[in-house]
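Next come two complexes built around chain A: one with chain B, the other with chain C.
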Partner chain A sequence: MPVYSISHVENVRVCVVMVGLPARGKSLIAQKIVRYLSWLSINSKCFNVGNYRRQLAGTEDINAAFFDSNNAEGLKYRREAIDNAVTDMMKWFSDENGVVGILDATNSTRERRDRILKLCRENLIEPMFLESFCDDDELILQNILDVKTTSPDYVDKDNEFATQDFLQRIKFYEEIYETMDQATDSDLTFIKLVNVNSQIILNRIESYLESRIVYYVMNLHIKPRCIWLSRHGESEYNLTGQIGGDSNLSDRGMRYAKKLPDLVLKSLGEENKHTNLTVWTSTLKRTQQTASFLPYKKKLQWKALDELDAGECDGMTYEEIENKFPEDFKARDDDKYEYRYKGGESYRDIVIRLEPIIMELERQENILIITHQAVLRCLYAYFMNVPQEESPWMSIPLHTLIKLEPRAYSTLVSRIKADIPAVSTYKEKGTSQLGEASGPNISKSRDLIKDSDVV
Partner chain B sequence: MPVYSISHVENVRVCVVMVGLPARGKSLIAQKIVRYLSWLSINSKCFNVGNYRRQLAGTEDINAAFFDSNNAEGLKYRREAIDNAVTDMMKWFSDENGVVGILDATNSTRERRDRILKLCRENLIEPMFLESFCDDDELILQNILDVKTTSPDYVDKDNEFATQDFLQRIKFYEEIYETMDQATDSDLTFIKLVNVNSQIILNRIESYLESRIVYYVMNLHIKPRCIWLSRHGESEYNLTGQIGGDSNLSDRGMRYAKKLPDLVLKSLGEENKHTNLTVWTSTLKRTQQTASFLPYKKKLQWKALDELDAGECDGMTYEEIENKFPEDFKARDDDKYEYRYKGGESYRDIVIRLEPIIMELERQENILIITHQAVLRCLYAYFMNVPQEESPWMSIPLHTLIKLEPRAYSTLVSRIKADIPAVSTYKEKGTSQLGEASGPNISKSRDLIKDSDVV
Partner chain C sequence: MSTTSAIDSDDEGGELFNGFGSAPMSRSTSQKRTSKRWSFHNNTRPNLQDMPSAASIARRLSDITGEDGVHEEMSVSVLGGGQLYSTESGRLFHAGKIIISLAGLPGRGKTHLSVSLTRYLRWLGVKTHSFHLGNYRRASAEDDITHDLFVPSPNSKKANDIRNKIVNECLSDILNFFKNDKGQVAIYDAVNALPEYRLELHQRFKELNIQVLFIESLVTDDSIIMKNMEEAARSSPDYLSWDYQKAYKDYSERIKTLTPYYKEMGAEKESELSYIKFINFGERIELHNSNYGYLINKVVFYLMNSRIKSGSVFFARCYKNSLEYTQDPPLDEEGLKYSRDLAATLFDHLKSQGKHYIKELDEIKERLRPLAPARTLSVEERHPAAGVDGVDINSLVVWTSVKQRTVETTKFFAERNVKIRHRIQLSQKNPGIVGGLSEEEIEQKFPNEYDHYQRDPYHYRFSRSESYHDLAIKIEPLILEMERMSGDILIIADDTILKVFYGYLMSCSCYDIPYLNFSTDEIIEVKFNAYSNSATRIPITSHEK
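Up next, the complex of A and B:
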């Protein structure tokens, strides 16, 4: 029988229709929503109309003139692009049990939005418009810089040309743009974000899913920051191969704790060495001991960061579990994400209890989290978009500091190794022996990873 | 060392300044926020200016004319009332470590709001305005009916007089009322609710606490509904006095499960017997077995409704715990809310994991929850505003269905006993023996309770 979490209460499908001029951060918001919902096991997908248009018309001959509403050929391509995107999205809802589809396009006019609205209603999908409105020139310029350097439309094009061309493109859209309006659009479900959350207008937000999306979007910010993740130092239980428990650090683990302040400084670089971090740990001794030499004043303990509860298997080695509960041992290997220890937790359970932590992380700036293998896997999976079937098998070695730098469309990862030996706590599928990982590793994920020198 | 939950991240104090004409549901919203935040251990208090005014001017001579802005004496009393309320609130912030103070008054004019704003800023308190705006006549009339029957201003007064007088009072306020405005008030932190959440405007919501209050308020609705709470039927572990585990129902527990559909029907009454409920259980067998004869289609399992995790003491009797861990046994008796079992949970931990359940309950309509003693205590404490030091000691007997009917300013409780014997699982402070409760009992709480006949 399925276990319901906060994400499964209703039987609602939502189409999030992005609205906004170019360079208003629409794609960024859309992608973050998809990543967040997917992490919560809500089947979500983004349909980017720009990509459809590029498939149809290429990028060679694309310049601002293409987006002039008097350009008949451009208009033809752009209509075809959105039609194809919408058709694919509807197919995805029906054939692949889609729950939240995001239509990422400018959707600038009421006429266009009405057509999507009608189509959604015909297909029993709740339309929710999400407008990013911005009249702060500095924010727009920042966004243009981001888009220029990341948009496939401007690959290999001259920098100055790209800026001017993009400004002209925005102008063409401005000519026809109709913002969402509390009076005219009062019958619609919509969120209007004004200048990155300085003002938010919510209209007819009704379903639970919609309210979750609203709350998530409300908590996003765009200030640059980093997040550091580390497992606790090697513990006494690690030495004996036991799982769970609340043991102290081993001597080597304590050496890692003492070195951690240096690793953090190194990751900050000379110019940022005075950056003030907040340190989050679990309630277990091994994470607090690991944090004990860090010079930062603000240290918070979170029960939600405690290690996966192994229930009846707490304190056992994998070998003991395999001998005592062979069927459970196999069942866990077969579906590690869903398997729940007797009287304990599954990876899915961890994700549910981590959800408020993720929300808080989105709100905060520089945070260093010292936690445990399974919890760190789940946090990492959120930031790096690692699928559920992979995340419980990722190898996250001891005595390694991971630094995440969220950027507009990707997250940079660096790993700083402490050069302090530690046992491996990695268990490969099909064995109860611990050893080096040959399976998926965090270094295999889809974003840039740079390995720092060993410090 | 304190364990941080989602509620303790920042060091921010917030003054929620209610804004709105009479009969806009301000007091209801204010009281719900206080109840919610207090349940999350956030020190919150509501300062109702009407109560201060009644203390100064009594209720005898109060009629609409008192609220005419040309009535100098009325004005004097009303100014004094708000000054006293604000003074008390500031004193409470500084002397009693207040975190969220709510100033419940109409605060109709910008001039009045500016004065409060200034005072908050001088005291390093974040002012957040919360306007309830309503121009839906039907909603207003409904609210007037509520106020008329509950306001201390109209006790013992003629019904028709009360309605007319109240309408006149609203008119006087309308003459001077200035609604919050996205342009004029763009520098302020505010939430504007339009016609009970059909539209919400959020402006400069920045701190975490503010965003939690927003999310909570967003999820409130005013449709009438009921919530039913029941413990699982007597379990095999209950018979042996063991705590935790995942045992089956006893024979008597199974009889309760079979009778439960009748108890629910009886509580619905003849006219509502076709009401459709949603049933929530924990993931443990005893709650699912208890739900198994209920005819309702929608049954959801929530891990968050599982019983308090007793960690190393799981499966033991209180006597065994007292013998094996005498210090822990005593520590738990001394502070049952904060005490965390080794490797397990405290009542505080349960509240944190129940928070999303409460949020979801606020959104939903008719829900029947079958859960466990400690979890039910925490849920009940939320609805009935039971303080932390009492809630872990409440007696909530087996084989009893509890029905909660949230009303504007109180919650009606009825208990329907099944007349199927069961052991007592109540442990009095200072003993390891189970027996009838002599301590605080749910029947002692501050709202109306009616005991139904035994069915």
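Up next, the complex of A and C:
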């Protein structure tokens, strides 16, 4: 039985065609959309034409002159690059049941956009143009600083050279650039973001999925902020190896709760120690007890942050489950993301219930979330783009504070251990015993979080 | 991406936030509250249980076909069904106070826009009220509504005086709403034809620390205006007991008289204003100076999905929802009969309303022959989005949960080519530890919890259970999808879910939602109208084979 989170997407296919000069944040927006939709199990992929071009032409001799519209060789490479990207995208739509494909390129001329438009219509794919328009020099320069430090085109190149060269490249594009406008393009579905959202034009948004993408883009903000994630302290059920329930913290769990305010302060650093955080917890006792010593005033409980509901297995140990429901036990190990406990939930169900609050989370600034293993895996997967097959197998140790710092093109992770012992609640595939084994069968993402920097 | 995601001028920043949960968050001892402040969890909210018993009985709404509550005055303590948290000022999202002022000629759907926005914002828990200048005009001028009353500078002194009086009355009510009713969003539904007016409005409210956002409704498609004129002549309160033809003529004259005065927004002197142009009911939306933050983004999200709906939403209970939460049996004989009757009753009803789009069985067999090769549409022009539900006014989509018996219930719809969508969010409210118990048994077994539940059945969560409020948050994405669909929708679900949907559509306060009563022998139809929605019952009749 298919379950749709965002929209009934089995028929709808959307091609998001990015439009805009270089250094307008197109790639950032494209990546964010892909991350958001993939997390919602909507098959989406970004096709970055720059990468195709680099594959064809290398990066050795790339400088601004390559992008001169009079440079025949450069033009040839660039045409080929976009053709390849479009071909791959169409193949992906048909062979891999793609739902939202994003063509990340400047697509700066109407002629180019027309070709993509027709191709989409031929294939019953809804084209949606997303233009990022900016004529505020300060914003552009700021963005160039960002791009130049991350773009593969400028690896090992001198800073000053990179800036100048990039500005020249933009000039070449400007010569041929045709912006989207209401009169000529009134028949198209398009979004035009002017100067980082100070003006937005939305034309003919015709499906819920499209409106959701627009809403998401509107809510992205680029203010620096941090997100802290923590599991609740060790609970009484953790000690006995039972899952679910609504038990109290163990003595060691209580010690963690008492230490948590200090850990947060340490993570904030001396100069930011007065930063005010918002604290989110689940409705279960163990997360509230964990949050109870934090001095912050804004505390919110969310049902959506409650632990995965194990249905009939609630309160059992893995051993008991294996004995009582051997088939279910195996089915869950085979496909942990999709497996739904009898009368309970699957990981996918958690993502669906988190959907309405993820937008709330995007708009928040500094926030600390105290929740449970499965929910934390889902949240972490959202921020770090961990694929579905892997996210349920990540090990997230107790008594550890994880800090995420979203940056333009990546998210930095660090963690602080509380140095208070706790049991392991990690279960390897194929066993009912808890604890992290070693050997060839361990999930490749198990140690994802543990390998991140320890502060 | 906005660089300023929220406007922090409001007093909300330093307040205690209350998430709706099982227990209020306690402050640590160093933060003992010094003065008593309003919040959802202290005892200043209505205590339903200790009210005089007559009142508490009256709240048990067994008749769900009541009035649309979207125009009701909001008491300070009323909470919307989808409200995420409460604050002491009563205002949310760090958004401060906002007046949304509409602009546009008559016949541009301003009333519809203000009412549906009010509905959505109230649902989110934002204290919102729409102020229709027309209501004030009707109250003042009574039988004497001349076109002169609508133009910005009337010829007669009398008309001029009345005009000023009604505008002042309306605006002072708006101020009152902000000042005394903890109002957060006032929607001012008036023509606001001239830039000078709009600038003055902006200035006046800015001084009071109230943000002004204009939403200008423009229509370039004459067929939409015609449709709106027909609707107005039929149902506008201005034309109560008027002959239709006469009303239509009068209304079109009103528009004609006003048109020369109206100046579209966006002139140089208005460059400071924040405004949204809403063109042809959402075909195009333009936001100018839009760094407003989350609340307005939500408004825009709503506007993107809001349609003038001609279809209805039908509600039907799923069969046997007395079953225990974790059980998932297939339909039995009785259930099969229920499903057949449900489908047949709805099909009959649609026909009786002049909707003949449901195909007969024999027609469908014809159509199941191999289809012609798919794509013959021209690539030169735009076509309706492929695969999107409810684009066609003449269509029915069924939404139901993923439980076996609801899946099987839809069989009689599927065989008539009706689209079926199964959504996990439509599963019944998880009853937690009180699953399978009657009210009396709950009272006996968990007297303490039951007492809390009685005080606030909407938000209270028995151990491990979901509250109605949890459902409301879960289905918010579906509500927007529902708003977008132009055709008919049938929702077959447990009554706990139906109550929440119904609560949204009819603007019920969250104190009433748990007491709504859906019975298994009828379908409830909610129809959309510009000024208010209406609900009717359709008895399910037996259709033996």
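Just so it is clear, the second predicted complex is superposed on the first by the 432 of 455 C-alpha atoms of A that agree within 3 Å, B and C clash if a C-alpha of one lies under 4 Å from a C-alpha of the other, contacts with A are read in each partner's own complex, and residues count from 1 in each chain.
Note that in this section contacts are C-beta pairs under 8 Å (C-beta built on N, C-alpha and C of every residue); 3 or more make two chains touch, one makes a residue touch a chain.
Computed from a predicted structure; not experimentally measured.
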{"item": "Partner chain in contact with A:Asp187 - chain B first, chain C second, else both or neither", "value": "second"}
{"item": "More chain A residues in contact - chain B or chain C", "value": "C"}
{"item": "Touching partner for A:Arg204 - first (chain B), second (chain C), both, neither", "value": "both"}
{"item": "First, second, both or neither for A:Ile352, with chain B first and chain C second", "value": "both"}
{"item": "Touched partner set for A:Tyr215, first chain B, second chain C, both or neither", "value": "both"}
{"item": "Touched partner set for A:Pro295, first chain B, second chain C, both or neither", "value": "second"}
{"item": "Partner chain in contact with A:Val196 - chain B first, chain C second, else both or neither", "value": "second"}
{"item": "Which superposed partner A:Glu360 touches (first chain B, second chain C, both, neither)", "value": "both"}
{"item": "Chain B versus chain C as contact partner of A:Gly25, first or second or both or neither", "value": "second"}
{"item": "Contacts on chain A seen with chain B and repeated with chain C across the two complexes", "value": "1-6, 8, 182, 186, 197-205, 208, 211, 214-215, 218-219, 246, 283, 288, 300-304, 309, 314, 342-343, 349, 352-353, 355-356, 360, 363"}
{"item": "Residue ranges of chain C touching chain A (in the complex, touch as defined)", "value": "1-3, 5-6, 14-17, 19-23, 25-28, 30-31, 84-85, 282-291, 293-294, 297, 300-301, 304-305, 325-327, 374-375, 377, 379-389, 391, 402, 407, 421-425, 430, 461, 463-464, 466-467, 470, 473-474, 476-477, 480-481, 484"}
{"item": "Chain C partner contacts - residues on chain A that touch it in the complex", "value": "1-8, 10-13, 25, 29, 117-118, 121-122, 124, 126, 182, 186-188, 196-208, 211-212, 214-215, 217-223, 246, 278, 283, 288, 292-293, 295, 297-304, 309, 311-312, 314, 342-343, 349, 352-353, 355-357, 360, 363, 365"}
{"item": "Complex contact set, residues of chain B against chain A", "value": "1-6, 8-9, 182, 186, 197-205, 208, 211, 214-215, 218-219, 244-246, 283, 288, 300-304, 309, 314, 342-343, 345, 349, 352-353, 355-356, 360, 363-364"}
